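Next, two complexes with chain A in common: one pairs it with chain B, the other with chain C.
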Partner chain A sequence: MESDTERIRSEIRAFIVDSYLLGDESVKFADSDSFMSRGIIDSMGILELVAFLEQHFGITVIDDEMLPTNLDSVESLVGFIRGKSGC
Partner chain B sequence: MNFHEDILKLDVARVTKQLCEAIRRQVRDDLKKSGAVVGISGGIDSTVVSALCARALGPQRVLGVIMPEQESSGESETLARQLAAQFGFEAIKEDITGGLTGLSCYEKRDEAIKQLFPMYDKSYKCKITIPESILSKDTFNFFHLTIQKQGEEAKTKRMTPGVYAQVVAASNLKQRLRMTTLYYHAERRNWAVAGTGNKDEHMQGFFVKYGDGGADFKPIAHLFKIQVYQLAEYLGVPTDILKRIPTTDTYSAGSTQEEFFFGLDFYRMDMLWRAMETNVPAAKVAEVLDLSVQEVEHGYAHIARKIRATEPLRMPPLEIDLNE
Partner chain C sequence: MNLDQFLRQSSDSYPQQVAVIVQGRSITYRELGDAADGLANNLRRLSLGDGARVALLLENSIEYAIAYFGVLEAGLVVVPLDTSANGDTLRFILADCGVKALIAQSHFRRQLKVIFEADCGVEVLLCDSILDLGSPSLRALVFDQALQVEQFDVSEATPSSKAPDAISLCRFGKLHELAAIFYTSGSTGVPKGVMLSHLNLVSNTLATIEYLNLSRDDRTLVILPFYYIYGNSLLLTNVACGACLVIDNRFMYPETVLNTMEEQRCTGFSGVPSNFMILLGRSTLASRQFPHLRYFTQAGGAMAPETTKKLMEVFPDKEIYIMYGQTEAAPRVTYLPPPRLAEKLGSIGVPLAGISVAIMDEQQQELPVGKTGELVVSGDNVMMGYWCQPDEEQEVLRDGLLFTGDLGYKDENGFLFIVGRKKEIIKTGGNRVSAKEVEECLIANESILEACVVGVPDTLLGEAIKAVIVLKPGIELERKGILLHCRRSLADFKVPKIIEIVGALPKYKSGKINKQLLKEGSA
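Here is the complex of A and B:
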């Protein structure tokens, strides 16, 4: 279970760095940092993030789940994905 | 801070005088131009801007340009001509359908729509909408595409990023081609292009960069939408324009600005925003606007998020100073 969490966390961080930070691993952000507040992702980026979650983790994100509490940080995303995929 | 339901009420006579003085100064002294060109659509913002310019510069120094395309509402031209006649400035029409066709605007947009709805063809109309009421929950902005055909039920799907990006990029050609057209008319007269965006649009990013966002001066960009309406009443604009619900007039199915972008009526949007700007406690705002504290906080979060997310739209071109 811990390794699932770590794997999910690592894959999300890799996607964020690659898609929004031009692959620059020197840009630091904490798992709890808000993507929107930090300016890492804008509203278009949220759509791309959702597409990534659905394709990569095989989950479906419904409209009612498009909330900052689910999607706006690495920490939130890990919890959300684990909840949706039952791992 | 005192917060009450009339907090955004203007001294319309004084503000009109100040705006006219500012327009004269900007056009004549800053821009070194001798008149103003305004894109007029029969909407409240372009109506107020053109009326202010006519008052400030003289109607003989104002040109209103009506720029419909094949998906525009026919009402727009009628109202725009009524406005020009009332305020005494010249209005001309430039149909931009040919230009948009040449740029494959409709084709590129429809190609994207078909990715979501393979059955989509010219018999359908389309529109984009956002989640209803941003107050009921703290939600991200995302977009639904709706297509509808006469006699059939409308079909709606959430847009994927690729489809959204292509539909918006293709549709933005409309606003950009309109700005191109305005600058043609401005440059041949040595006049300035007046922007028509209000504060809601400017600060929340409801404009197209170098489209309707491109102008030489923007007389109402600091005014809330409900304040624009106050000026409109004072200036005596046609009643049909005053009563018209603000639309995007961009998509064939027609959508209001509220359902396409803002997600909230302008009175509550503007009041929440003023309260947020002046740090009014949520409980006080809730009392005045008859909302829950949570709804006020959702409204604050939504407005702040939109302003932050759309900062790049308001940035001028970035330059590099190697000496920094």
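Here is the complex of A and C:
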């Protein structure tokens, strides 16, 4: 279970760094940092993030799940994916 | 009537009415009026000089509303700043129009640090907390939630300094004085300061209220930034009629915004095409009822008629206003009356009361019905000019007429249709971007030999920025490297969405790049 959490966390972080920070490792963000407050993702970017979650983790994100509590930090994403995929 | 009197009137007439709500916080018109008075008094004590410019680096908030009206009430000129712009661009703007004081929120510290790395002429910073910006000559004052500056000592006020090149405040009477400067992308790539008078903004606000039938019973959901002229129009129209502004800055999560719209019983929603695309494509908008909602407004670039049709199908009982304007027109020029929407789909409608739109040819002769030419606007809403850019101004403003750069025609009923643009400006997600500015940024990369930037149709953004690039011989550079280079010097919305690396750019015999071919994707 611990390794599942770590794998999800690292895959999400890699996607965020690669897609939104364009591989710029100098931008530091904590797992609990809000993407919205930090200006890491915008309204277009969130659609890309959802597409990634659906393709990469094989889950379906329904419209009314697109909320900050589910998607706005690495921490909340890990919890959301684990809850959806049952891992 | 001056712009700041909108708030004074509503404060006197509807003191207990809620003016602004932001996630649990609210302020009544009386409180907003009092706070603006207090800020105006503090600003007067700074003796910045009549007509001095005061910039705002604030997200949509109660503080923004207080600051905006406080600055105007003090007889100063408000310069709203794009909070997504990088520090270098902001420093350029502050220096360009000689801003004396900056009102900012501390969470923009990253930009503030860059702004104050070099002298930009700003003497006073009003901020919600103390920041170490390493600028010893800067006078920093801290304000509270009502934007009141505590322990303000008048003896510390800076000496009176007449703004060097401010538009004279006495020349025309206050209605014709400069009220605000909004910066927008110029075709040359250098930001242009659009100077709007009290008359420009007052007349456009009143005409907009009239066709939207806005009243104090309205509650408008605001997701568009106030620094953007469309957002500014929401601020002014709602305050002028004593309506309530319900601010939600979380459009990134559309469900959150829809929940706010429902819970706050909003009567109006205003967006740019991408907002409607996202709401219709990736939210529960269509399955909700919104019994209190009366209308939608859309501006900020052409929305695909298919999207408008979908909105009409989902909400047959709501009024949908398709509108057209530009910053230089303060901003609204035309609207399509909702009862004519189905019949005139694709049209930008008819001019607002007091505004005329003519279709003109290159010789400035008015063209007959059905003939395509440039949309030329006249009326009290037409800007005073561009701040210290007479050449750019001369291109668009002649004999009191505003040459919009948009090409279109008028039908037999006087309804206007836009078919293209004269200038190389890309309208993406409600923003105007100069193709030249992006090209110059790309060319600054030492690996790039040639670059050409065009706007291509995009379902979400209206237009997407496409860059076609030729690399120097023997150089290998990936798309990601190019994007990273752009992100370092351009605001996010100016970064190309599509990048194509080609061996050569298509050119005419004259050597000029064939941009049309690039738009069509045949590079």
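To be clear about the criterion, the second predicted complex is superposed on the first by the 87 of 87 C-alpha atoms of A that agree within 3 Å, B and C clash if a C-alpha of one lies under 4 Å from a C-alpha of the other, contacts with A are read in each partner's own complex, and residues count from 1 in each chain.
Following the convention adopted for this analysis, contacts are C-beta pairs under 8 Å (C-beta built on N, C-alpha and C of every residue); 3 or more make two chains touch, one makes a residue touch a chain.
The model shown is predicted, which means the values in this text are computed figures rather than measured ones.
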Practice problem: Would you sort A:66 into first (chain B), second (chain C), both or neither based on which partner it touches? | Solution: both
Exercise. Check whether A:22 is in contact with chain B, with chain C, with both or with neither, and answer first, second, both or neither.
Key: second
Quiz item: In the superposed arrangement, does A:58 touch chain B (first), chain C (second), both or neither?
Solution: neither
Quiz prompt | Partner chain in contact with A:48 - chain B first, chain C second, else both or neither | solution = first
Quiz item: Taking the superposition as given, does A:36 touch the first partner, chain B, the second, chain C, both, or neither?
Solution: both
Quiz item: In the superposed arrangement, does chain B or chain C reach more residues of chain A?
Solution: C
Quiz item: Regarding the shared-chain residue A:83, is it in contact with chain B (first), chain C (second), both, or neither?
Solution: neither
Quiz item: If you lay the two complexes on top of each other, which residues of chain A touch chain B in one and chain C in the other?
Solution: 36-37, 39, 42-44, 46-47, 50, 63, 66-68, 71
Practice problem: Report the residues of chain C in contact with chain A in the complex, numbered from low to high. | Solution: 84, 107, 250-256, 274-275, 278, 282-284, 429, 460-461, 480, 483-484, 487, 492
Quiz item: Which residues, counting only chain B, touch chain A once they are in their complex?
Solution: 131, 137-143, 158-161, 164-165, 301, 305-306, 308-310
Quiz item: Can you list the residues on chain A that touch chain C in the complex?
Solution: 22-24, 35-37, 39, 41-47, 50, 63-68, 71-72
Self-check item: chain B contact footprint on chain A (complex, rising order)
Solution: 36-37, 39, 42-44, 46-48, 50-51, 63, 66-69, 71
